[in-house]
């Protein structure tokens, strides 16, 4: 049976569905009776729910962040929909389709993964190709890499976002490299692959997106560097010789400097053509993703401008606006 | 009949007046009955109003930003005044006295306009005088210039504000020029006239103050430059010769650089005595306007300080405070 | 009888206690009856209180910031505790134990004062020792110095905080000086004593913490300098000769530059070894105080991180977190 | 006869060639005799020259910046080459091959121009295509556009540099647009064409590279905007209708915002997808040009690093360095 | 006999004049003979001088910074003038006309002083008028105030500069105050008088301009505050009552905040109308002084631009330039 | 035989000593004869030397950076000492006492090393103690750590500087920890040990101080992190269990954040008490080292101020100055 998502609920609907429970509270109404209030969430949004005459027993039967089976009825109250529950109980996470609860890339993860492998396994430089293989042979890493978002909120904030962002950047690098002879193709592609790889451990993304403690204390740049050092140590098993010192140095430098400036958290600024190009492509792709998403997702037709984007500190122009016509001078001036 | 303004309404008043409608909502009360809620506004403030048992038909009969004729009764509810409406309908904008709905300069716009013309028509430099005439002959421009505020919120944010700010700066320049020989009087006065002229198209000010799309995307500096180039092309019709190249360059430079620094949106910093003086007078007049307005308008006698001014990131001292007396050390220390 | 503090009140308690009254309002309920609402506060927190059927007479009988005797009963309402008052009247400040109403250093003020005097009266330099005596002989100053907090919110924001911060810094300086030969011990200790002494007049701390008008307009650095100049003029009465010009200059420089940079409000940067060391110790002690307080006071065991600290613009890691475990990659990756 | 360039001169060579004269001085030797000293320059460098026993007459016979016919002999003096002149006289600029005196793009200007025209004349949007035609029909503009450098020193600082930079960016945009659906291809290409077009008037590039007065006072962004407004006014002659208001606004916005931030001289930040992409491509191409040029042009094989680049405030890594080997720890550590 | 200044010396002149000696060196020529080399300076410039065959005895007979009587002959050497001395000896400072050695205001110091006294003695506020009198009665202060420059290099860097700058600002304030009702005239004038008064001790200006140790360590803002506090203590002797607390606080605040921002060395930003106006006038007058001086003093007619001004980080446009004509596009484009 | 250092050479001395050769040039004198010029350096300074009538053969017989045996005579020329060589030849580095050529800590390296080992081997935490042992057992690391400077120019720029800086910070931490309960002693000491350990590979210090390529491209923070990860992997060999995850995370965080802010190259800001304290002690010790060194090393008694320190952008006050006395106002004013 198809799931009914939060954004499909209507006044009067009967409800019997699994949700992510958050903001659980035990409250007392005006008559002194206890009740439990919580939010029921899935990837489309959240709805408030109440179970009347429920006390400590129910309150302790599940935790914030658990999945719960919720039964009850949807009704309109003071202009908003809410759920009056008849029953709520903890559901096993195993029975849950996680993708119902977290936003997901619109692209096919399998195909993206194939393109990633294609780029990496066709690298000319045998050391870099072997290094890539060491990463691809690590199942846990790959599992994380294809699931991880590229960010918690800023851009590509959905399951598969890191993979999508990485493969798009590889495609772009592939097309731009002919313009910049003197820039090493293999290094650029490998740098693109690894630049955000540390996010696999920086972020948490099992039920919701957040930062791990390691992510906060160490950050994806240093984590990525550590992963690179670790895998580079495995390369001689494949090639019989260590990754050449200068090659490895150049690759580390790319991971370290890809944010472009110290203020943005890179302890080194780009000092090679490859590091420069990696930073430029990364900046372009994250910014283009933000502006196009803001314009596309804004459904408010009353204004020609998107809501304020706090990261970029601006609104974007959607167009079609008649804002100018408000000016009396304008009316006769044009 | 004199209008009763929002800030004159009292508990029990019968109401039959035109207001600007905003924040329109269709809501449902606890018994499930629909009602319409909206804000009624004029230039003195706003009051919440409800029309009970009114549904979609009424809700759709007017838009946010429309003028409405509102009939009903004022009453006190939970410590605040509100209006219980008996009738609400869209009013024709033509019948409305716009100045009732927007704040207005306290000065006489006619006299301010005369002083502006006086300065401009007495310029010694025939090219600049002719250029000024080209602007003054453009009725649409003049209509906008005398109505436009100088800002949406920051300073001179009222109808006629641009005119008042401009003429005050001309008066100031007139008095300061003798101190700075080597500074061209005609250029300074013309630069003052044009520095914010682009606001005529940057801002919207028919019913409320805001930014036009052109204002957001291009900004008053570039708009002003465009207006200047356009009018300069008309000068030969009056004088028989083009505006001398260097003179025009110096004037453009003044408009471009009047914000003083790149970070404040001027793509060039002042590099002539005239541009330097224009920037200094503009900065002084806008800041003095802000501090004097904040001190004057603050009616809170409980504190010696005005509310926080987010533009200047500070509070101002109104004085008469006894704040010091709170300190025990102080009591015996002085 | 021991005082029952706000954080000890329980549903059903009878109340007969003195509180600091704030947020006083005269309101009207749905039936049109007036009532008085206010907050009752002490150093442990605040609780909302209502006196039903009380009008203008009660409302005017005390002011915000007064101490009041409150009688009534504590009850739970919509999940929160509130007080239904039966009687409220202004209480004399003289009868009030001020320390019940303001947070206080955990150290013994008497002992801290003795350590301060010990350091100062054992200074080798006779001019500086005499200068210190001039401060210590000023009873009003000393009364303020031992009561004043070191800040309103940032750090050591409690009665005695300035004293505690100062003595701790002296202890630290005492231990560090052997590492930096060429740094004058007496100057460092005297500079530590005086660096924040101006806070005695900058802050208000009789009933709550705030800034005096002088504090806002002049600031503790300039106030401290003024106090230093004034006391230095008294030194010849003790020693028979003026404080040597260079010595006084070096001390003034330390007070002036102790914030380290112009952006932080010091009009001079440290340019002597003693000023440099003073700034370094001050920075260390204020920051260590903040991080240790945030970690210690945070009772939220659900997260490994403290709430956001706006001054330092970061959260602190409390540890013991399992945040990392949320990541699916992590589970198998480690 | 082929020109012998400055970097081809050898000790003992007879000289009879045209050079650009700079740094002209009239000096007196130890014996009191006057002589004329000057620098002889072409696009490969400069060499010092002296004409003994030459006085005021010769000194005044040409100006700095003139072309001169120089006859004499090259000789080694204190380790450097210099020219001892027998004759020097002013040469007519008409006889001079300007490209001998200024660096030149390595690409074929004719082919670049064809590619530029190809992109522009194949635009789908009839208004933008007509606008492009208005520019291309302006012979003086085109003559400037194909000759102008893209910068005085920073990047593409050679004759044809603006054209090369523009066409490269169009090629790049052409390849990147498929990645960013929702971004208008015609607007992006037209924005790329116009973003630096104002440099045609901002820079001077007849005999050496510099800034015109208009360039200093107004800058290429405002000049470009003026050129755009002027040409847009001609469009109706071709299409019978004005350029749509919003389309023109979006294009102006792109020119205005292409530096990305206010601090870099753009009075507006990019607020449309097209403006965002234009800025990203411009930043990438200018930076890649700089790093690749610095690496390629550095002939110093003693160090693995290029000279300090003051614009980007860093050195670049050329590689092949053994710098690490200097560390004693390193020797045994690896 | 009229002094011959450095800028009046010609080849062949006999010299017998007093100069300020600087850059003294004892050197050895190629034949091993010792000689003394030094610079002879007055307010118009400096000239190099040598005394052949002079050893340690002469070298030690005067110090850098002394006045010396120099006898010898001016001659041209390698294109520059120098002096071959026959005799040099230390001269008594008492015999020296100091104004020959330091630049001086072009205004009449007596008249400026009278205007200053006029403003101050006509203040309406009796407290401020008495405070002004306390300053004016202090002869040492007045002697310093009329001699002191307003800066070492930036602006008004000549004897009498502080007085000239102060009186000009008073004149300007006098004319601007009518535009800003709500701004206290007496406070503004008194604030202008005192804002830079601390420079009397911050700077040294007996033989050349520099900073005193107190100036470096404490700075003119804190010195000025100290002077204000000291004089305010004398007011009761004149008026029988102390300067009202709030009035004095407002005046201190003006001195403290007149640089406008913390980064510029003011530990407080302007928070009263009077402090705001003082800062604005100060900024305007110092900047206008700089731009007009740079334009006026630049004698280089080869360029339309002044030399780079490092304080304001820009060149100024003198005009009359033909810079644009260098552009080939331009030639046909206009 | 004791070495005669550069700063001990006198006019007329015969020379037969080993120096570091730099700035080698092959030049031609006025008569056309070739000669070799070079600088001879040791840790006390450098002296210019010439070998007349020496051509390409000698020039190529050694490289810049080689040690050379130099024979010749010291003589005074134009006021400076120089060496006229009779013979120069490459010397074997093995025969050279390296400490003659590089500045060295004044402390006993053996004792410093013992103190370092003492702190580390007495750590209570068995995991951290074992980790420390892993570093101490690595002979190559220890050899680098005791030789490495703490910086190239800024502070502790001498052989043994890193060790001295580290041990001093441990001593300081030891004394400060009692003031900050809640701060883990073992973590702080271990963090101090490792914070700059990456400099062992970042810097080069065999013959002169500089940066390795790895140092430039990766930097000591990331290098240190890599060393920490590597050694942590060896800990289980000693303890039988891995370093606890959170403990290692906290230690990595300390290394990463010890510069305090992103702008200073730390990709993370301090977020634990231990990281905060490490940063504060590091900042204090480096700054105190700079100011005390500048004051101590400045031998210029003509001024009360040290030369400009470009890192800290200020001069330091040495004291004893009479600078104030230059002011005429001052003379009578005090």
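Things worth noting here:
Read from first to last, the chains carry the letters A, B, C, D, E and F; within each, the first residue is number 1.
What we mean here is this: a contact is a pair of C-beta atoms (placed from the backbone, for glycine too) under 8 Å apart; a residue touches a chain by one contact, two chains touch by 3 or more.
Keep in mind the model is a prediction, meaning the values are calculated, not measured.
Common neighbours of chain B and chain F under the contact definition above: A, C, D, E. Contact with both chain B and chain D is made by A, E. Note: the chain lying farthest from chain D is C, by mean C-alpha position. Between the interfaces A-D and D-F, more contacting C-beta pairs are found at A-D.
Of all residue numbers seen at the chain C-chain E contact, over half occur in both copies; the interface is built from largely matching residues.
Computed from the mean C-alpha positions, the centre of chain A lies at a distance of 43 Å from the centre of chain B. Between the Cα centres of chain C and chain D there is a gap of 61 Å. Residues of chain F in contact with two or more other chains: 213-214, 216-217, 246, 250, 253, 271-272, 315, 317, 321, 324.
Shown are all chain pairs that touch, namely A-B, A-C, A-D, A-F, B-C, B-D, B-E, C-E, C-F, D-E, D-F, E-F.
By the touch rule above, chain B contacts chain A in their complex via residues 25, 27-28, 30, 139-141, 143-145, 147-148, 200-201, 203-207, 210-214, 216-217. Only residues 213-214, 216-219, 221-222, 225-226, 229-230, 246, 249-250, 252-253, 256, 262-268, 271-272 of chain F touch chain A when the two sit together in their complex.
For chain A in complex with chain B, the residues that touch the partner chain are 76, 78-79, 304-305, 315, 317, 321, 323-324, 326-330, 332-333. Those residues of chain E whose C-beta lies close enough to touch chain B in the complex are 168, 171-172, 175-176, 179-183, 245-246, 250, 253, 269, 271-273, 276-277, 280-281, 283-285, 287-288, 291-292, 295-296, 312, 314-317, 319-321, 324, 334.
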